[in-house]
Every structure is written in C-alpha cells, then in structure tokens.
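Listed next: structures, encoded as structure tokens.
Look for subunit A in each of the two complexes below; its partner is subunit B in the first and subunit C in the second.
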Partner chain A sequence: MSLETLQSFQWGIMAPEFIILAVAALLSLLDLFMPDKMDRKVFGYVGIAAIVAAIAALAGMIDHPVASILDDTFRLDAFSKVFKFILLGGSALVLLLAVSYEPKEGMEESRGEFYYLFLTALLGAMMMASSGDLITLFVGLELLSISSYILAGIKKRNIKSNESAMKYVINGGISTAITLFGMSYVYGLTGTTNLKGIAGQLASLGNPQYAYLLGLAFLMIFIGLAFKLAAAPFHMWAPDVYQGAPTPVTAFLSVVSKSAGFILITRVLLSIFGVTPSNGPGSIPILLHMQDYISFIAGATMIIGNVIALRQTNIKRLFAYSSIAHAGYILVAFASLSFVMFDAIWFYLLAYLFMNLGAFAVIQLVSEKEGSEEISQFAGLYKRSPWLAAAMGILILSLAGFPGTAGFIGKVNIFIGAFTGDNPHYVLASIMIATTVVSYFYYFGILTQIFFRPAAKETKFNIPTGILIVLTICVAATVILGILPNTALDFMHNHTNQFTDFLQ
Partner chain B sequence: MSLSSVLSILVFSPLLGVTVLAFMKNTQEKAIKIVGLLATLPALLLALACYFHYQAGKDLGDFSVKANWINFVGDKKYFHVAYELGLNGLSLIMVVLTAIIATLAAVASMHIKKEWKGYFMLFLLLETGMLGVFTSLNLILFFIFFEVTLVPMFFLIGKWGYFEKEKAAFSFLIYNGLGSAILLIVIMVLFAKTGTSNIHDLQQIVNAAKSPLSGSVKMGLLIALLIAFGVKLPIFPLHSWMLRVHVQAPPSIVMIHSGILLKIGAFGLIRFAMGIFPEQFKDVAGVLAFLGVINLLYGAFLAFIQKDFKMVLAYSSISHMGIVLIGIGALNATGIQGAIFQVVSHGLISALLFFLVGVFYERTDTSLIENLGGLAKGMPLAAGFLLAGAMASLGLPGMSGFVSEFMAFLGLFKDMPVLAAVGTIGIIMTAAYLLRAVLGMTFGQAHREFAGTMDLKGAEFVPVLTLMFLIVLIGVYPSVLSSPLKTALETIMLGLGG
Partner chain C sequence: MMETAWIIPLFPLLSFLILLLFGRRLKEASAFVGILLTLASLVYSILVLFERFTAPTYKSEAAWLNIGDLHLTAGFEVNQLNALMLVIVSLVSCLVHTYSKGYMHGDERIPVFYAYLGLFTFAMQGLVLSPNLLQTYIFWELVGVGSFLLIGFYFYKEEAKAAAKKAFIMTRIGDVGLLIGMILLFWQTNSFEYDEIFKAVREGAISQGWITLTALLIFVGAVGKSGQFPLHTWLPDAMEGPTPVSALIHAATMVAAGVYLVAALFPLFAASKTALLTIAIIGAFTAIFAASIGLVQTDIKRVLAYSTVSQLGYMMLALGSAGYVAGVFHLMTHAFFKALLFLAAGSVIHAVHTQNIEEMGGLWKKLRLTGPLFLIGTLAISGVPLLSGFFSKDEILAAAWEGGHPILFLLAVIAAFFTAFYMFRLFFMVFTGEARSEMKHVHESPGVMTLPMIVLGVLAVISGYVNTPWFGTFLGDWLTKGNDSLGHSHVEGPGWIMIVATLVSLAGIFLAWLIYGKKSLSRDWLSGRGGALHTILYNKYYIDEFYQLTIVSLTKGMSYFLRFIDLFLVEGIVKGVAGFVQGLGKTGSKVQNGQVQTYGAMAFVGLAVLVVIFALTGGYLK
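So, the complex of A and B:
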C-alpha cells in the first residue's frame, strides 16, 4: 500500500478513535515519567476530557453519509454512530465514578494504569462498533477483553480482585476460542473475512448442505459472544467478577462491555446470517431458522438471572444477576428480529446505561463508606440521606420497569417488537414479564432496606462531587427518558434513516 | 381556563401538594396534615364541577384533551401514543367517588402517628394515579397510571401498617404485579397488532369485519384481561393478598384501597373487557356470574366466623364484589347498572366502616370483636354510625346497598334464575354476619371499661356525616347516579348488540 493510497483515505471518520488512542498513549507515557508521589487523579479528568472530545467529534459527523476505509474494515454507518454514543457516554460516567473511588486498600500503586487501560478498553469497544471485517472485529474484542481482565484484577493485593481477574481470563479465553472456531467455518466456506464479502458469497451458496455447517458456525459464534453479554450459558463468570472487581470496573463491565457485546452480536449475526439462505436460493435466511435458539438462550438468561438474584445478600452479586437478567431482556428484542429491533436494543441499552450506572454510583458510595457490600448496609439510608435514598428509589423502579422511568419505555419497545410480525413471540414475552415480576422481590427487597429498616448508625453521608454529578445525570435522564422518551427516540429516528445503510 | 385543561389540572393537582410537602420539615405535623388535606381539594371541586356540568345537560366531550406524546417508531401514523384524557358517564362517577373518598381519607389520616411528610407525599401520588386511571383514554396511559398506584401503596402498607406490614406489602406487590403484568401483555399485543392504544379506535378496529386479531386470539386476550382485573377485584381464588392488605394497612389507606382501588377491577371489566371484546364477552358472562355467586357465598360464610372486625369487613368486601360480578355477568342494562351502583355504594360504605374501625383502633388499640364488646356505652355515636353503616351494607331499603343489590339480582333473574336464587342465600348471610359482628361489638358483653373513651369528635364527624349522607342520598334518590350513567350504559349495551 503506497503512501498515496493511505493519504486518500478519509481518516477523519476515525477521529473519535484517534482521540481516545492518543490520550491513552499519552497517559501511559505520563504515568512512566511522573513521580510516584503525584496524584493520578488528574488522569481521570484528562480521560473524561478525551471522551467528551470524542463525543463532540462523533456528533460532528452525525449526518455523515456511510463511509468505509482500509478495505472496508472500518466503517462509519448509522448503526456504529448511535451505538458509539452509548459506549462513550457510559465510559465518561464510569470515569467520573472512578475519580471519586477511594477504596480502603489496594489501588494506590496502579491508579495510573487504571485510567489508560480503561481508555484502551473503550477503544476496543468502539472498534467493534465500527468494524466491517472479522479480523478488526476480533482485534477490537480482544483489546476490550484483555484490558478488562487487567482492570478486574487491578487491586493487586486484594484476593477477591485477583480471583475475579483469574475467572474472567479463563472464562473469557474459552468463549473467545469458541467464537473464533465458529468464525473459521465462515472463513473456510467463503475465503474472506470481510463481512460484506462473506454476505455476498453466502447469498449465492448453491449447496444446501453448507447450511448445516453455517448453522453450527452460527451457534458457536453466538454462544461465544454470549460471554460478553453475560448471557446463559456463559453467565457464571459475572457474579464472581462483579463482586471482586473494583466498583467502577464492575459498572464498566455491566454497561459498556455489555453494550459492546450487543453491538458485536448484532453486527456479526445480522450481516453474515441475515441474508444467507438456509436451503438454496430464495429460502428464508438462516437467522430466522435460528430464532428459536436465540429465544431459548434469552429465556434461560432471564430465568437464571432473576431467580438466582433472589438469594443474593451481596449487592454487587445481586446486580451481577440483575445485569444477566437485563441481557436476557435485550436478547428478546434481538430474538424477535422485528423492524424495531435496532430501536429497541439501542433505547434499552441507553436506559440501562443511566439506571444501572446511577445505581452503581450509590452502591460505590455506600459500600465504600461502610466497608461492606452487604445489602443490609443500605438499611435506614432514607433516614441518613433522604435524597440519596430517593435517587436510588427512582433508579431501582426503573430497573424493575415501572412506568414514568426509562426502563418501562425500554420494555414497551421490546414488546412492540416481540408482538408484531407474523410470528408473535407470546411465550418469550410472557417469560420476560413473569421474570420481571420475580425481579420485584429483590429490587423491592433493596427498597425495603432503604426505606423500612432502621439504620445501624445515624451518620450522614457527604457525597463526593463526581458521584453527585453522575447521580444527577443518571436520575434526570432516567426520568426524562421515561416521561418524554422522544427526546432520545427522535434523535435516533432523525439521524439513522432506519438503519438502511447497515448492509451497504 | 379552558375546559380542556380541567382534567389535566384535576389529575395532577395532588402533585402540587407533593411539591410543597417536599420542602417542609418532617416535624411540622399539623402543617403537613393541613397541606395534605388541602391538596386533595382542587381535584374534589373540579370533579364536582364536572358532575354538575354534565347534569346541567352539557357535553362531557368538552373536557377531552389530546396531545402528541410518544412516537415509538419514526412513522407518524402508527405506534403513536397520545396524552389523552376524557370522561364518560361511568368514568365521571368513578372520578367523583375517588375525589370524595381521597379527601375523606386525608381527613382520616389524622390518626397517622409518624413520618407524616412521606405519608402524605405518597398518599397524594396515589390519588393522582387513581384519578388518571379513570380519565385515561388510551390503554398505555391507563397502564402507566395503574402502576403509579402500585408503588405508593407498597410503601404506605409497608411503612405505616400494623405488625405484618411488610409481608402484606409484598403480597400486595406481587399479586398486583402479576395482574398488571398480564394486563401489560394484553395491552402490548393490542398495540402491536393494531398500531394504536386509543380505546375508542381499538373498539372499532378489533370489532371490524377485517379485524387484525383472530377470534381465538381475542378470546385469549379477554381471558387474560379477566385474570388481570380479577386479581384486582378480587375474584376468588385470587383474593388472599387483599385480606392481608385490609388487616395490615392503616385504616385511612384501606378506605382508599377498598373504596377505590378494588373498583379499578370492576371498572376495567366494564370498560375494557366488555368494551373492547363484546362478542367474546357474551360467551364468558355466564362464568362471571357463576364466579360472582361463589365470591358472594364464600365471602359471606367466611365473614361469619371471623374474630377480627377488619377480617369481617375484608370478607364482606369479597362478598360484595361478588354482586358486582353478578351484575356484569347478567349482561343486561339493569344488571350492569346494578354492578356500577354496587361499585359506588360499596366504595362509600366500606370507606365509612373502615373509618370507624380506625377510630376504634385509635381509642382502644384493638379491632377484635370480642374485646370491643359494650362499645355503645362509651362511644354511643360511633356505635350508632357503625350500626347504620352495617345496615347499609346488608342492603336495608332506603340506603344505597339496597338499590344496587336489587338491580344486580333483578338483572340476573332475567336470564339465570337458578343461579340468582342460589345467590340470594348470600344476601341473607350478609345480614347474619354483619349483625353478629356489629351487635357483638356494640352491645355484647363488655370486656373492658369504655367509660373514659372519647366518642367521635371534631373533624371525625366530617367523613362520617358525608359518607352517611351520600349513602342515604343514593338510597332514596338513585337518579344522582343513574342519570349521568344513562348514555354510557346505552353505549355499552349498543356494543353488546342488545
């Protein structure tokens, strides 16, 4: 590739990624040369500034026509744009949490690493959103994964944190291997790693025998990627990792990393299997054939997440199972493959970002103050800090899907998708709603602690600025998206043109 | 102020009180109680104004309001949810009932002993939810308000209730959560299949010749609706949560719960189940009437053996809701009118009785019939009103209970005389259990000295006299209810094709 070809590319469309990459590199160098004594908190602010700059760059390109560079390996389409907003916004809020994170032990030596590894993880997620090729997709996935493995274990001297990282690496390694094995079948059949190329080759696949091979490939890719979503059967890592990892990392895993997983699944499965005929030319796509398997995994994920959550006493473990359950809900949107699928997934991820990060802000504050992550530490929060309690109340109601909050609108969107079309998913939607009622038990269990139980001690909370900002943004967004959801929905409808450029 | 903004103000005026309360100190007990009471008044005045507007022969359509709200897909035509409120004869009556009972329950809330600020904020939120439920013109808005009643109730029971309050709160939450979950499925299927959630449009689309829903899907949705509202009403055997709530919740909240929240079930059955699926409803009407008789008898027999007066009233509520089901199941104008009368009448009577229970409990710390024996000595006035309330409840002519029971049974006798005849046993039982309980309390052997107890005083007369007045008014002059209902009933009967 000559220099001229390189220069002819529209590098501008990668501006957000470049900003993150440059700042991550800068921070890693600074960390080397800065004296040990100096506070690394400033890295956090630099990181936030970088993310804000990236958001601005992305917003500037919002109406940019679909473009791709580097042989179609990096593409900027409506899908990647709107989902990158979720990744960037979520990361900015998590960084704000991290700046205010002051655990009793463990992170003094590795503060600097934390911030630049965080940015590389984000970079990986953003690459996944934009990639048009299995190779870049996989590299993005690994960049995100490996950075997250280290982040989970960043409390070097804490045994739980170590356990968490260890479990994450092993489970992650296995699932990545399975995904890769599935991808190799696709490559073997088509001889290309480019998603568009694969789709073109497969569409004209003559021999229906290959459909079985592709079905196998589909299942392996899907199950392997289910790991990132913490969907069954690869959900087992989530509780241990969530519990052991530092709270901001847990928040990152549950929101940004999960969103990246959904982006990846949608991108890969839709572009490869959405157009491939299952039985000779003109027959229905393989993806529709596989709908039942996706539905099965979605159902199992919702049931496992919500039922096991009932028995948790550690708040972070509880939120791990809750986050498994929410992955199940979003999978329902994916399984129904309806015309509102993108809308539903995007809106739910956005709603989940705010409600979950807000809840993690409170969890971080309370568990840090009390030195314990038991749910009973929330007892009497209403007396100790009424505003904090009210904020947590709203966020939990949203997680439980009550009207007036973003969570409800998200669920309504998913239901619209599940019930439209010729093949309404009555069973799947019923499981979703039944497990939602089950979730009332543990969500209202937390509220019972906060509002009904007497406090062990009467000391008030002083809320650090970072957490206060995160909470304000999250609660306000949860309520606004619940009452006026069109603030977000219109943004998407106006700038995506119904995602028609997804396969272009 | 144009007429179209009346309903929005009516529904959301309690929230003004919530805002004011948010900035008050938790220790200003008196001021909080006054603000809480005042905040219920705008809704009451507006509701009465709407009532007299309609009675003066003007159109209720004047109050309709509609504005764009949520656009789920980019398309402007489908999957669009409007903010739309409006009234018809039936919902007008429910709104007036809600506003009256909410204000009286706010008066009754003077017996609340702690955390007044949180209590009244939730109480007013609950009122907004209830008013919204009855005025919404589309199903999604209805559901939102329906759920808005759920959360405040959970906290009101769980924090201000009696010994087993948390258990009762969770039982309330889970049963009603399941009920509303089923309701949500029905609403979402209708919304997804037709692209609209407006009740009027749905009636047209669902019953059109080329309906997007097949007959079996409609039947399935109707059965789901019956279960959803059956939990709320409650229909035997879905009633256990309601007993707990009646016993554990503070009396002022039970006034609301028994007076209005249970009635959302009946309202939903008439408005949605009967309104949207009239064809299919005819097939299940017999079953409903049968379930109604079971409710009536089951409640009456169990009420007979209860030791706690609150339990007597709880079972009595089940029994009386049976009469609502009987009226609906009769499927003719008389029966349905009887059902609606029973909804209003029982709302007023149970509010009165639970208010008195609250007064007794406040003075004596007990609600056991045995311990309350000889009450007439210490509290002659309260005991007198208790007797009057019980008489109304057992259907003494000249009071509201009589009119409603008479009409409901009249409706049922037309088509199902045998079932109706069995049902009348329940009426006799009602007299038996109520008299047993009330006589045991007022004149029974005195286990305690009530000489020093205070009788009704001051503000306590307001709810008692108001409710008593309304009960007698409906009893001697039923037109106060039947004349606003006339057009609404005709519309319902037209839908049923009869």
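So, the complex of A and C:
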C-alpha cells in the first residue's frame, strides 16, 4: 500500500479515537517521569478533559456521511456514532468517580495507571463500536478486556481485588477462546474477516450444510460474547469481580464494558447472520432462526440475575446481579429483532448508564465512609443525609422501572419491541414483567434501609465534588429522560436516518 | 387561565418538594407552606372554572414518546367535568390542610404529613386534568401511593400498617382490571386519548363486544378505587389514618375517582347496555349493602366510612342508569357534606379522645359549633328538603326510575331510609342524652379547625341549588352542553318521587329519634305514650339483633370465608411463589461457590446444552 493511498483516507473521522490514544500515551509517559510524590489526581482531570474533547469531536461529525478507512477496519456510521456517545459519556462519569476514590489501602503505587487504563479500555470499546472487520473488532475487544483485568486488580495489596482480577482473566480467556473458535468457522467458510465481505459471500450461500455450521458458529460467538454482557451462562464471574474490584472499576464494568459488549454483539451478529439465508437464496436469515436461542438466554439471564439478587447482603454483589438482570432486559430487545431494536437498546443503555452510575456514586461514597459494603450500611441514610437519600431513591426507582424515570421508558421501549413484529414474544415479555416484580423486592429492600431503618450513626456525609457532579448529572438525566424521553429519542432519530448505513 | 391550568397541580407538588427537603427545619411551620400553596391552587382552579363557564373546552397536548409508528402524547384538558372536579379537589384539600393545622398540632411528624398531603393533592389534580388513559393510569397509581402513605401514617400502630397494606392491595386488584381494559382499548382503537376512543365508539370502529368488555374491565378499576362491592372492605379499615385524611381522601376525592373515571369515560359506557346495567346493579347493591352495615357500627368513623361506600354506590347507580348529571351532581354535594361530617367527627374525636359512640353522648352543649355543623351534614346526607343532598339524591332516584329499573329504584329508596336512620342514630348517640363515660376537658376545637367546617357547612346547605327542579338545572345544562353522548341535562322524574324521598328520609330520622333520641325525652313525652314504649324498645333490640344475626353474621361468615381464601388460597399461592423464588435464589447462590472452575464449567455446560439442542433439532428449533 502506497503512501498516497494511506493519505487519501479521511483520517479526521478518527479524531475522537486519536484524542483518547494520544492522552493515554501522554499520561503513561508522564507517569514514568513524574516524581513519585506528586499527586496523580491531575491525570484523572486530564483524562476527563480528553473525553470531553473526544465527545466534542464526535459531536462535530454527527451528520458526517458514512465513511471508512482501510477496507472498513474503521468505519464511521450512524450506529457507531450514537453508541460511542454512550461509551464516552459513561467513561467520563466513571473517571469523575475515580478521582474521588480514596480507598484506605492498596492503591499507593498505582494511582497513575488507575487513570490512563480507563482511557485505553475506552479506546478498545470505541474500536468495537466503529469497526467492520473481525480482526480489529477483536483487537478492540482485547484492548478493553486486558485493561479491565488490570483495573480490577489494581489494588495490589488487597486480596479481594487480586482474586477478582484473577477470576476475571481466567473467565475472560475462556470466553475469548470460544468467541474466536466461533469466528474461525465464519472465516473458514468465507475466507475473509471483513464483515461486508462475509455478508456478501454468505448471501449467496446455497448449501444448507453450511448454514448448519454457521448456526454452531453463531452459538459460540454469542455465548463467548455473553461474557462481556455478564449474561447467562457466562455471568458467574460478575459477582466476584464486581465485589473485589475498586468501585469505579465496578461501575465501569457494569456500564461501559457492558455497553461495548452489546455494541459488538449487535454489529457482528446482525452483519453476519442477519443477511445469511438459512436455506438457500431467498429464505429467511439465520438470525431469525436463532431468535429462540437468544430469547432463551435472555430469559435465563433475567431470572438468574433477579432471583439470586434477592439473597445478597453485599451491595456490590447485589448490583452485580442487578446488572446481570439488566443485561437480560436488553437481550429481550435484541431477541425481538423488531424495527425499534436499535432505539430500544440505545435508549436502555443510555438510561442504564445514568441510573447505574449514579447509584454507584452513592455506593462508593457510603461504602468508603463506612468501610463496609453491607447493605445495612445504608440504614437511616435519609436521616443522615436527606439529599443523598433522595438521589439514591430516584435512581433505584429508575432501576426498578417506575413511571416518571428513565428506566420506565427504557422498559416500555423494550416491551413495545417485544410486542410488535410478526411473532410477538409474549413469553419473553411475561418473564420480563415477572422478574421485574421480583426485582422490586431487593430494590425496595435498599429503599427500606435508607428511609425506614434507624441510623447507627448520626454523622453526615461530606460529598466530594466529583461524586456531587456525577450524582447531579445522573439524577437530572434520569428524571429528564423519564419525563421527556423524546429529548434523547429525537436526537437519535434526527441523526441516524434509521441506521440505513449500517450495512452499506 | 385555562391555557395554563397545568400550573394548578404544581402548587401542591411544590409543597411536597419543599417539605420533603426542608420539612425538618420548618417543623410546625410546614403547615403554612401547605396551606398557602393549596390555597393558590384553589384560587387558580376557581378562576379556571369561571373561565370555563363561557369558553369552550381547552386541550393541549405534545408528543411525549415516539417509538416507531407509535405516538404517545401527554398534556391536559379542561372540560366541564375536569374544571368542576378541580375545584372540588382543591377546595377540600385546602380546607383539610387548614383543619389539620389544629388537628395534628403537637405531632412530631407534621412536615411528613403535609408533604404526603401535597403529594396526594398533586396526584389527584393531575388525575383530573389527564386527557388520556395512560396519564390517568399513572396518576391513578400515584393517588393510591398517597393514600397508602397517609393511611399508614401512624405506622407504629399495627392496625394502621395492616390497613394501609390492605387498601393498597385491594385497590391494586381493581387496577389490574383497569390496566387490562386500557391495553385492550389501546389495541382496539390504537389510542389512549379519550377523544379518539369516543370517536372510535361513535363511528363503530370498535365492536359492541369489545366496548362491553373494556368498559367492564375499566369499571373493575373504579370498583376497587371507589370501594364498591365486593372490593369495598379496605375503605372502612382505611379509617386508621388521621381523620383529616379520611375526609380528604376517603370521603371527598380519591374514592370518588372511580365515579369520576366512569363519568369521564361515560360515552364509552353509554355505548354498552350491559356495562351500564352492571354498574347500576353493583351501585344499588353497594348502596343498600353498605348502608345496612352502617346501621350497627359503633365507631364514629366507621359509620361514616360505610356511609361513604353507600353514597358512592348511589353515584354508580346514577351513572349506570344513564344519569350522568345526577352522578356528577351527587359527587359534588357528597364531597362537601361528607368532608364536613368527617371533619366534624374529627373535631369530636379531638375533644373526647375516643371513636366509640357508645362512650359519647350529650356533646351538643359542650361543642357549640361542631354540634350544629354535624347536624347540617347529617341533614344534608339524609336528604332532608332544602339541603344539598336532597336535590342530588332526588336526581339520582329520578334517574333510577327513568332508567327503567324499579327494583334498583326500590333498593335506592330503602338505602335512603337506612341512611337517614343510621346518620341520626349517630347524631343522637353522640350529641344528645347524657355522657355515657367520664369525659374531662371537653372543649370546642380551635378556630383553625372550625373555620373549614363552617365553609363546608355553608356549601352543604347551598351547593344543591345549582341544579334544582325549581330554580333551573344550571349545572346539568352546563355539564352536558355540546356533548350529546352524556344524556339529558336533567331527568324529569314524576313528582311523587320527591315526596317519597322526603317521607322516607323523615321516617328514618323519626325512627332514629324514637330509638336513640328518646332518652332525652322519655320523662315527659315517652311516658305519655305508655304502652308504645315497650314496643319501641323491643323494636330497637329487634333491629340490632336482627342485623347482628343476619348482616353481621353474614358479613362475618363471608369474612371468614374470604379470610379462608386469603389465608390458604391467595397466601398459599403467594407463599408458594415466594418460596419457589427464594429456593431458586438459594440454589443459585450455592452454585456461586467462588470456584472459578465452576464458573468456566457453567459457561461450557450452557454452550453444550444449546449446541445439543441445536444438533438434535436438526439445526433449528422450528
């Protein structure tokens, strides 16, 4: 490839990625040369500034027509743009939490890494949103994963944190192996890693035997990627890792990493299996045939997450199960494959971003202050700090899906998706309703602690600025998206043109 | 004013928010926040009502949610019914806010109390302004929450806790009906909008069977909220809440929401004869059923609670007999005189610190204001001529007669007799005769409590004159103007109905006086009648025993039966499901044993299961 060809690409469309990459590199160098005694907190603020700049760059390209670099290894389409907003916004809020994170032990030597590893992880996630080639998608996935492994174990001297990183790596390795094995089938059948190329080859697939193999490949890719979503059967790492990891990392895993997982699944499965006929040209695509398997996974995930959450006494473990359950809800949107699928997934991820990160901000504050992550630490929060309690109340109501909050609208979107289309998913929707009711028990358990239990101590909370900003943004967004959901939905409709460029 | 009517519910919401955040600092001053803000919303409501007298219906909507082809809107509407309800709700709420300042004096949790009142008022006004079923449903649930919080206000009392739970669950049962009906209507008409639904009904876009089914399901919601048979049992228990709450929520506003819902959706109901007949039958039965229970109660608030259930039954009967105006008219007058009765009862309780009427007596002389005000309320509800209840009850009886249901008409007349009887029984036992237990420090309530009662007392007397056969049917003409589907502006019943109603009510009062008032008269008047005394005494016992034997034991038997169902069937299912879920959770957490091998193995097992299914089914499940 000549230099002219290289120069002919519109490298400008990668500006957000470049910004993150440059700042991450810069911070890692600075960390090396800066005296040990200097506070690394400033890294966090630089990181936030970089993300804000990346958001601005992305916003500037919002109406940019679809463009690609190097044979689709990087592509900028409507899908990647709107989802990258979620990744960037989530990471910015997580970094704000990280800046306010002051654990009692274990982080003396690794403050610098703590900040820029979030950026490299974010970079990986952004590549996952913006690539049309299996190789780069996989590299993005690994970049995200490996950064996350280190982040989970960043409290070097904390045994829980170590355990969590270890479990995360091992499970991640297994999942990667399965995913790659599935992808190798696809490559073997088509001889290309380019998603468009694959789709083109498979569209004319005549032999049903190949479709059979592709079905197996689908299952393996899907199960492998379920790891990132923390969906069944690859959910079991989540509680242990969430509990052991530093709280901002847990927040990152439950929001940004999960969103990246959904982005990847949607991109890969839709591009490859959404166009491949199952039985000769003209027959229905494989993806529609596999709907029942996705539904099965979605149902199992919702049930497992919500039911086991009932028995948790550790707030981070509880939120791990809650996060499994929410992955199940979003999978319902994916399983129904309706025409509102993108809207529903995007909106739910957006709502989940705010309500979950807000909740984690409170969790971080309370557990750090009390030195314990037991739910009973929330007892009497209303007496001790009414504002904090009110904020947490709103966020939890939203997680539970109460009217007037973003979580409610998110669930309504998914419901509508499940009920429309040629074959409505009544069973799946019923499971979703039933498990949502189950989730009331543990969500309201927290609310009972906050509002109706006497406080063990009377001390008030000093809310650090970072957490205050996160909480304000999250609560405001949760309420606004709940009352005026069209602010977000219109934004998406106006700039995506129905995602028609998804497969172009 | 009408264009900005959406501001009205924001006042109480503001009150709720202020008290939630700063209540603990404001302490008793919280009352002023609540009173002033509800007063503002009252003034605004009255202005809107006056404007609505001349201006046409105003409706404003904006897109709320667009998903695919689905467009949901949110907004508000000011039509005749809404405007009237707004004033009723705001007025009673404002008066109750004021009254509570005296009644709740000294309670530590006054800010919480006023915050809940604000939340409830907001929800109720929001409900009234809703132009579509979805919005109605959201506020419908929210009023339920407000009611739940306020019934359980004394949450340290077991009864209050149980009552709050019961109220929530019983009304939820009705709400499920409403929800299903609403979804089915949406499915059939593709809209939650009232106007769109009525249009579909008018144009026949929805079949007769669907109209009946959805109307009945929605009526189930109204049955739950308005305490109609068989979902009435929560309402008397709800009296565990503070008395001002009973006046606001469980007499004047929320329990009337069921009636309001039927009235708001009247064109839908009117299109189905079956639905109307069902409403009429349930209403009439509830009216007489609850009234008969009211005859034997000894708790002053419970008598009033059963009376409320019975009066709501009257309103349903009116609506079911196509008497739209009669139902709404009675809804209005009832709101005034029943709120008055509850507030007066609260004043009595405030003075004597008991709710048992067996322990009261002779309070007329001690409570110089409460007594006469209670009497006005009692006269009004009994249907004594020239007071508000007389005109609205007369309208309902006429509607029932014209509706062609002589049996239902008869039931309504008997219920009217019962009403007059038990209300005056209550009055005589509380206010006349000698005190039946030692009472110290009995004193009249402070002005802040009596003033709201005086306002309601005046309204209980005069509010009937907006719609009378003698001075014109202003209310009816206005309510039905420009809308043919609501029926006639008033029903021209035969003249004898009014005479029958009067006689029945006077007979009830007379009987009550003979039995319960006689103590004050026995020395000079009764002894003069000689032998009659024996019979009357006998009769008194006869009635009480009669109800003890029939109604009470029947109710008891039924309650045992229901309790049995509740204990073994409902509770069994609930426990079974809960146990199953718990067990599942237990097993799940056991598998989660911390061994990373297990985690990996689970993933592989999961994959293997799917692959095996895939292979066995020849590739595809279908």
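Worth pointing out:
In this section, the second predicted complex is superposed on the first by the 504 of 504 C-alpha atoms of A that agree within 3 Å, B and C clash if a C-alpha of one lies under 4 Å from a C-alpha of the other, contacts with A are read in each partner's own complex, and residues count from 1 in each chain.
Definition applied: a residue touches a chain if its C-beta (ideal position, glycine included) is under 8 Å from a C-beta of that chain, and two chains touch if they have at least 3 such contacts.
Keep in mind it's a predicted model, so treat the numbers as computed, not measured.
In the superposition on chain A, contact is made by A:D292 with subunit C only, not with subunit B. With both complexes placed on chain A, subunit A has more residues touched by C than by the other of subunit B and subunit C. In the superposed model, A:Q364 lies in contact with neither subunit B nor subunit C.
Shared-chain residue A:G404: touches subunit B and subunit C both. In the superposition on chain A, A:F444 makes contact with subunit B only, while subunit C stays out of contact range.
Of the two partner chains, subunit B and subunit C are each touched by A:V412.
Judged by the touch definition given at the top, the superposed model places A:S430 against subunit B, while subunit C stays out of reach.
Look at A:L489: by the touch rule set out above, it reaches both subunit B and subunit C.
In the superposition on chain A, A:V340 makes contact with both subunit B and subunit C.
When the shared chain is aligned, subunit B comes close enough to touch A:Q498, but subunit C does not.
Where the contact sets of subunit A with subunit B and with subunit C meet, they give residues 339-340, 343, 403-404, 409, 412-413, 416, 420, 485-486, 489-490, 493.
Within the complex formed with subunit A, the residues of subunit B that make contact are 69-74, 79, 140, 143-144, 147-148, 150-151, 154-155, 158-159, 166, 170, 173-174, 177-178, 181-182, 184-185, 188-189, 191-193. Considering their complex, residues 20-21, 24, 63-68, 70, 138, 141, 581-582, 584-586, 588-589, 591-592, 594, 596, 598-600, 602-607, 610-611, 613-614, 619-622 of subunit C touch subunit A. Within the complex formed with subunit B, the residues of subunit A that make contact are 339-340, 343, 397, 402-404, 408-409, 412-413, 415-416, 418-420, 424, 426, 429-430, 433-434, 436-437, 440-441, 444, 448, 451-452, 485-486, 489-490, 493, 498. Contacts from subunit A toward subunit C in the complex involve residues 166-167, 170-171, 174-175, 178, 208, 211-212, 215-216, 219-220, 223, 226-227, 232-234, 236-237, 239-240, 278, 289, 292-293, 296, 303-304, 307-311, 338-340, 343-344, 386-387, 390, 403-404, 409, 412-413, 416, 420, 438, 484-486, 489-490, 493.
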